[in-house]
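Letters A, B, C and D name the chains as they come in the text, with residue numbers starting at 1 for each one.
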């Protein structure tokens, strides 16, 4: 039995949800923030032999503080291998070795398509976002994609304004038709309210678990599409004592994860 | 005026002929033996800023003895850059940076095609030779090819049994038609009897200079095709005193070049 | 025959208005001294490229030196969206740059293809995304989809890129340009080798003998290099492994400044136009923030093991 | 979770009859201990590949373990043509191997494509040569010629290779398989990373901490590695930079022996079948040629400079 302290914050819960999606031995490509936290929690709990890489060229880094970017100086000393983009994105990702990738986006739709390019029209955007970076290839080529998103009707959408990174595109068969590798695609959307998973037949995201301070009704009402609810929908397991200890004592002693509360992850 | 000592051996003369084909600043891809010797003589005489590379991944090596292979240990300490085959053959050669390449072959024909694959039928060969190795890409992609050959009717031929490395293939326009880069192709055949060059119009090798102990008649009689003779044919300039000093005092103090006499280079 | 020269001269001689530039770096080893000099010399109509662009690209766009950007991403990382980039695209300030977008797989592959003399290269990403539906100045040559002649499957081909000039910042180089790095590589090696010529900015110039003690660290050979510039602290506010850390406070300063056009211009005046070169920049930095702040960025002492290439 | 094991076990577990093997090395870092073990275990029907093959490939062919060879070149270098190779092709002794021939540009590119998940790669060589006119077991998939969809020019495409197993010899690795080299690389990095699994033979096993002191030297990450074998002197008669020199006399010994089938078999008995492992091989070497000869191969002391990755 696990103990579940109740003094956690939402970004901690979300990081733990991510960690539980990782299986021992997984090779995980990470950016910064939650993803790195999740993968590292997994290494200290359920997946001690998982290894991490960053697109900038780093494999199995041993940072002494949370990396603030994929090119962070703390990723250099102690890594097992450092090359460049062609090594990580080509030699590891494109060649099919990456099990798990984490992505986030300004818009995520019901098929798990992600937009990090523009809000509005591409030529005359309301808001110009950073662009794909590594997101598109990670979303195209990693075996399982974990999506992190804020749960509101602006961030989740029936259809993204621009598919930067393909999820299931238009639904069943779409990835295969475009030539994306078999056995890839979004596995879960972790929001600040719930965990959504993808239906095997429809490829649409459905509600799997709602977080402790939320409810099925709240999640459905905050979702801009007709969200299906799992037959065995239940509350998300809160962070376990040992997960929180890893976050607070080992990975992030200065509590940098709190900045995500300021970004709306509450 | 240059002084020309008369105690040289034929491999020394041939190495000097090669050196004189190199222009200052040239980037030269070399194997072993003559080519390395030629390129190094050039560095000490007419082309001080020429640099050498070996296909194994080495750029600007500083060997303390003549390298006996392109993977020789003496090529490692002191080189300016060491990578692998994809760096030298791809990043330097295929991308068009190599000015001069040296090649030799068991058979060389009048269009400068080279055979290092088989004597006789490919499927049932009389003699199985090593194969292309780096020869084909060097002959295809370096701007100027210097060919080293023994001068007899077996080594030179009207048509090689197998084109391992294309010269001018079937004559004018052949390289262009196959898509080989413009401005590439054989520049000279240096034999133990003569220096042959290629006619701009016919792309056939013709006699440019005969070595001091040979003659136009001898060279023509040892050549298995109807060898054209240049209007200003003359004797090859023998090794200059300073060239020989470089060979004997700096590059090859143990006289390893003498082994080529045993291989017929007399 | 040394190629060593001041950055001012290197940029004057080798960066021409209208050129296509690869500018390396990944927070790690950003050639910021060169970027500032390009702005200082008010170059025009440049096409710039790199995977994962950051503050340096944002600054060039804001300063108006950029016409076109072949990119994958541009943000200030920790500090959010690139302000100048947004103003350019959303509000045409100072003008709207043209944008051709790829990814952190396809763009490095295009540079690798360029570095290796390959005309194009197949990539497995971008399929099914809107990145294939937007084309800008590269037009129909942005990519091609063919049926693989081997197995018939649809295959995206992207073209090789060969920039006119590459600018990279490295730990050390010799005076002819043999350039060595260690640590995060980004797309520096492929980008530099894809270019027709390279400007190497370095923390220290070392002898050819030092280069030869560890030739496996070299990423660019001297024959590709046009100029070598010794610029200690040349990647600031980025970092150089073994030399100095990222300057997070300065990143915040740029974020604040670039929030407005006026702030951005004041920033440029203070840190680019009013300083003559990198030495003056470092002097100003110390004057403004104090020597302890500067000294605090210096890397810790943590050296590895030497190796031998002997036989 | 350590992957360290004796070569006997590594070859028993991970090299299966009929496998497609990449075997690295370029005189430099030839994995000879592994090659001997493959012969000792009388593996059959292997397909082997490497650019510029030498004595190790000749020996495997003579020993009858090889069915197919995807190659570019095979010779004994200084010692002339490969005797066993010639006997196989010319006289079918012990049998005629099947041969698919490429070049030292195209084959490394095919391995690079395999390592990077590219289905094929364009190459600018082979055009106009008879290498395009001979096809063996790869049939029509040896290469394809297409009109470039970008500019219409004829373009040779060669397919990616993905060997079942790669075997490389490196200077050092940790017990999980992170493998580091310096000096001549040949096609080791692309070949190893193209394979489904890797056997790493190394001069010394080092700690993960030592690997982390210089991660830019790593060419293969641990997750690709199935077995790590510590085999000092494991590349003999080839060399390992920083450890020992080429053994020219031994090369001559092999040349003499392999001139005849009988001589070759005696050589195999003495140096492969009658020694149980690499330790016994080295013992026999010292017994036969004396410790001074062995000691004389040891590399000179000529170490470079350490670097720091700190910030």
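Criterion: a residue touches a chain if its C-beta (ideal position, glycine included) is under 8 Å from a C-beta of that chain, and two chains touch if they have at least 3 such contacts.
Just so you know, these numbers come straight off a predicted model, no measurement behind them.
> How short can a chain-to-chain path be from subunit A to subunit B, counted in steps between touching chains?
The least step count works out to 2.
> Can you check which chain pair, B-C or B-D, has more C-beta pairs in contact?
Looking at B-C and B-D side by side, B-D shows more C-beta contacts.
> Compute the centre of every chain as the mean of its C-alpha atoms, then state which one is farthest from the centre of subunit C.
Centre of mass proxy via C-alpha means gives B as farthest from subunit C.
> What whole-Å value do you get for the distance between subunit B and subunit C if each is reduced to the mean of its CA atoms?
Taking the average C-alpha coordinate of subunit B and of subunit C, the gap between them is 40 Å.
> So the centre of each chain is just the mean of its C-alpha atoms; given that, what is the distance between subunit A and subunit C in Å?
That gives a centre separation of 28 Å.
> Would you mind pulling out the distance in Å between where the CA atoms of subunit C average out and where those of subunit D do?
Spacing between the chain centres: roughly 37 Å.
> So which stretches of subunit D touch two or more other chains?
Expected reply: 109, 116-118, 123-124, 153, 155, 182-183, 185, 213, 215-216, 239, 241, 245-246, 302, 309-311.
> Show the residues in subunit A shared as contacts by 2 or more other chains, in ascending order.
58, 73, 76-77, 82-83, 86, 90, 93-94, 141
> Write out all the pairs of touching chains, ordered by chain label.
Once each pair is checked, the touching ones are A-C, A-D, B-C, B-D, C-D.
> For the complex, which residues does subunit B have touching subunit D?
55-58, 68-73, 75-77, 82-87, 89-90, 93-94, 117, 122, 125-137, 140-141, 162-166, 169, 174-175, 178-181
> Give the list of subunit B residues in touch with subunit C in this complex.
27, 49, 51, 58-60, 62, 73-74, 76-83, 86, 90-97, 141
> For subunit C, which residues count as touching subunit A in their complex?
26-28, 51-52, 71-75, 77-78, 81-82, 85-86, 89-90, 101-106, 108-109, 112, 123-131, 134, 153-156, 182-190, 239, 241, 245-246, 248, 302
> Could you pull out which subunit C residues touch subunit B in their complex?
Contacts found on subunit C: 1, 114-118, 174, 178, 193, 208-209, 211-213, 215-216, 218, 220-224, 309-311.
> Residues of subunit C touching subunit D in their complex?
The contact residues of subunit C facing subunit D are 109, 116-124, 141, 144, 146, 148-151, 153, 155, 157, 159, 171, 181-183, 185, 210, 213-217, 239, 241-242, 244-246, 299-311.
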